[in-house]
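What follows is a set of structures for review.
Common to both upcoming complexes is chain A, partnered first by chain B, then by chain C.
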Partner chain A sequence: MSSDLDALMSATFHEAGYAHLVELVHQQDPGARRRLAAVRVDAYDAAGVRRVAAELDPAQEILDLDALAGAAARAHGRLLVVFDSRYDARVFPYRPHHYAYLHRRDAPGPPLYYAVNATLGGVPDRIGAVALNNFESYLFLERAGSERYALALGNLSRFAAAEAEVITYYDGARHVAPLRLPPKHHAEVALASERDGARLRRVELKALFRLTSYVVGRRAAAGELVLFDHLFTYFK
Partner chain B sequence: MLGRLRALARRLLGVERVPTYYLPWLTRPGLECVVLLNNIESRFTSGRTATALAATLTQHDADGRVVAVHRGTLADSTATCEVPVTPTAAGHGFVTVEAEGIKSDLYVALVSGEAYAATHGRHEFVERYPAWTRALLAVAGALLAPAGRTVPAFTRDQYVYHGADSRSHVLLLNLSNVVNRIRVLATRDGARRARLVRVPPMGAAVVDVAALVPAAVSLEVTRLRLTGNAWFNLYLVGAGPRDLEGALSLMHVK
Partner chain C sequence: MSSEAAFTLDPALDGELLCYCTRLTFGALRRACAAGAWPPPGYERTGKLCTGCQGDLLVCLRALGVRAPA
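So, the complex of A and B:
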């Protein structure tokens, strides 16, 4: 493998019971010239214990994540799934990115397409985020629904625990929830839909360094995912 | 190199690119569509003390016509404003947003009673072609259409997934003032099916992938190659067992 390759680490979460297909590279052309040089997948349980490890063929287009990690998810609960990729910057003038499909089997709701979180890029000036990218926000509709919201957060670092704050806003009232995630640990931090009669309007995530982060909405009764989206950072 | 050639071609054809923020919209009976205006970005950058901001949302229907102009006001950088989209018979299209000083991403939500799915818009551009170029493209397009082809100015590749209890649709947005003939080529397991979709200027179209390559019992991956004669973008529409009659999700792609 060439030493001139750049690195990208992206991550998602996988739960048992979901069809979950992840493209390795978005907009791969039919000639498959736009392929990664190498890609490895590891999956960790909430306590940071690695439960799945696999080297993938970079020519592969779609990964069936449930086929790879479904048994581990059933045995150990939600998994943090890490894609550790190498790519040639001449093939990808900007860092590669990828999307995924998520649908709970036999659920009445629609599937969700989402962008896989680019969490660590290896080389900072190659990931398009040379400034602060560990402060993110997300807004919610004001109307009352029956869904439950949370932030799914994971720490991809090897050695350092991440101190983070999840800050929620309820019509001006601010609520701060501190969080500490050791390496490869992950958690789903519940966001109360209401506080003192005011609706959840906004969430912010502040961390010492970039975490894997998704906004999660679940149908209250069945727990089925109805929202799985990235937050926004405005410090680029 | 390709970028320079494209820029040169645009100059020769007199194409103007107008910076535009746009979002898709989709309505169905029982499915409401709401745009969430905000300017939260300014809180973290230059506009912490921003005063009131006004936004104008122009709603284009599938045929490109303006069906409504909505206005929203933000009192400060943390304010939000929910703008319901006007339902139409076609039930899809896109909204362009004019709001001086707004740099934040705006959200669009599909609300189906007890829950909503959301995605965000794009700050890109709309292409404006002069009359003679529109005429040229119309002639070229009419010549190629009987063969199921189009002028291959822009191409996008996209994976879509569908099976027994889920379907995928592609919402095509024609971000130009010319008729955009978009060839949708679907490939799965070596089988190829193509369809030419005619999208009016500033219009939109929903393409049912399962109509191109029928949905299987198991979840299948279909590769799409979309080729248009003018600038376009697409959003993916996820549908459950009730297809477009049930709750839907929307997703942007780059």
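So, the complex of A and C:
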């Protein structure tokens, strides 16, 4: 793939049983059908073994991720799906975004829509982002829910293992869970919804370098995803 | 962050991107380190923008003989 174009590496997770459609370029309007210059998709199992590899036609608008990776997900479990894109900065002066639709096929609830996590690139200096993005937070709803929460984390490095901390806050109490992820490995770290009678209020992720990260909520009874969202960088 | 022991940087990766923000390739990193000229002009912010490549950058710098100043 060319190193003369701007680059973005984004990633998500795919599980068997879900309809999962990825809009390769979210910034579309009737007057400008923007295209990536190239896009490659690879998917890895939890142990970092590549199970899917595909070069996509950059003119393709929607990727049916379950059609591409569903068989691998059924055979090997949840996959870390990596989108390695090249683009012309004159076409995307900000940067491209991939955006996705996610819905478990047998679930009565509504689908989820989410922005695919941009993990490498996106030239933060050019887009005016000045905060470090390897320290991230997520605030949970005030109301008590019946969901089970977790952080889904993936390490996109080629060589470096990631040493990370998942820090949860229960009213005033703080709980730290260390985590080590070798390259291309991924994990879903469960977040207890209560500790000593106090509710989960906030989670933080800290690592030396940026990881792919999503907050995951699953319906307690059936386990289907009811929350799949990126973290934020409000707290430093 | 940790690295594997006896790590060597495969020349087959030279055309691949290390840093997706500054567009530094593994080959450019190798050449700069061989010339004792890390970081080359324009690449000073490698690893410091999105931070996603910082772990790999440190592994490669160590493998290519660049040490942090005492």
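Here is the rule we go by: the second predicted complex is superposed on the first by the 214 of 236 C-alpha atoms of A that agree within 3 Å, B and C clash if a C-alpha of one lies under 4 Å from a C-alpha of the other, contacts with A are read in each partner's own complex, and residues count from 1 in each chain.
What we mean here is this: contacts are C-beta pairs under 8 Å (C-beta built on N, C-alpha and C of every residue); 3 or more make two chains touch, one makes a residue touch a chain.
As the structure is a computational prediction, the values presented were derived from the model and not from experiment.
In the superposition on chain A, A:Asp6 contacts chain C only, with no contact to chain B.
Of the two partner chains placed around the shared chain by superposition, chain C is the only one that A:Ala162 touches, whereas chain B remains out of contact. Legend: residue contacts after superposition of the two complexes on their common chain; A:Arg90 is shown touching neither chain B nor chain C. No residue of chain A lies at the contact with chain B in one complex and also at the contact with chain C in the other. Per the touch definition, chain A reaches chain B in the complex via residues 19, 21, 23, 26-30, 61-62, 97, 99, 101, 103, 105-115, 135, 137, 139, 141-143, 145-147, 169, 172, 201-202, 217, 219-220, 226-227, 229, 232, 234-235. Interface of chain A with chain C (complex): residues 1, 3-4, 6-9, 118-125, 132-134, 156-163, 208-210.
By the touch criterion given at the top, residues 1-4, 7, 13, 15-17, 20-21, 23, 25, 45, 47, 49-56, 58-60 of chain C touch chain A in their complex. The residues of chain B lying in touch with chain A in their complex are 34, 36, 38, 40-41, 44-45, 78, 80, 82, 103-105, 107, 109, 111, 114-120, 156-159, 161, 163, 165-166, 168, 187, 219, 221, 223, 225, 236, 238-242, 246-249, 251-254.
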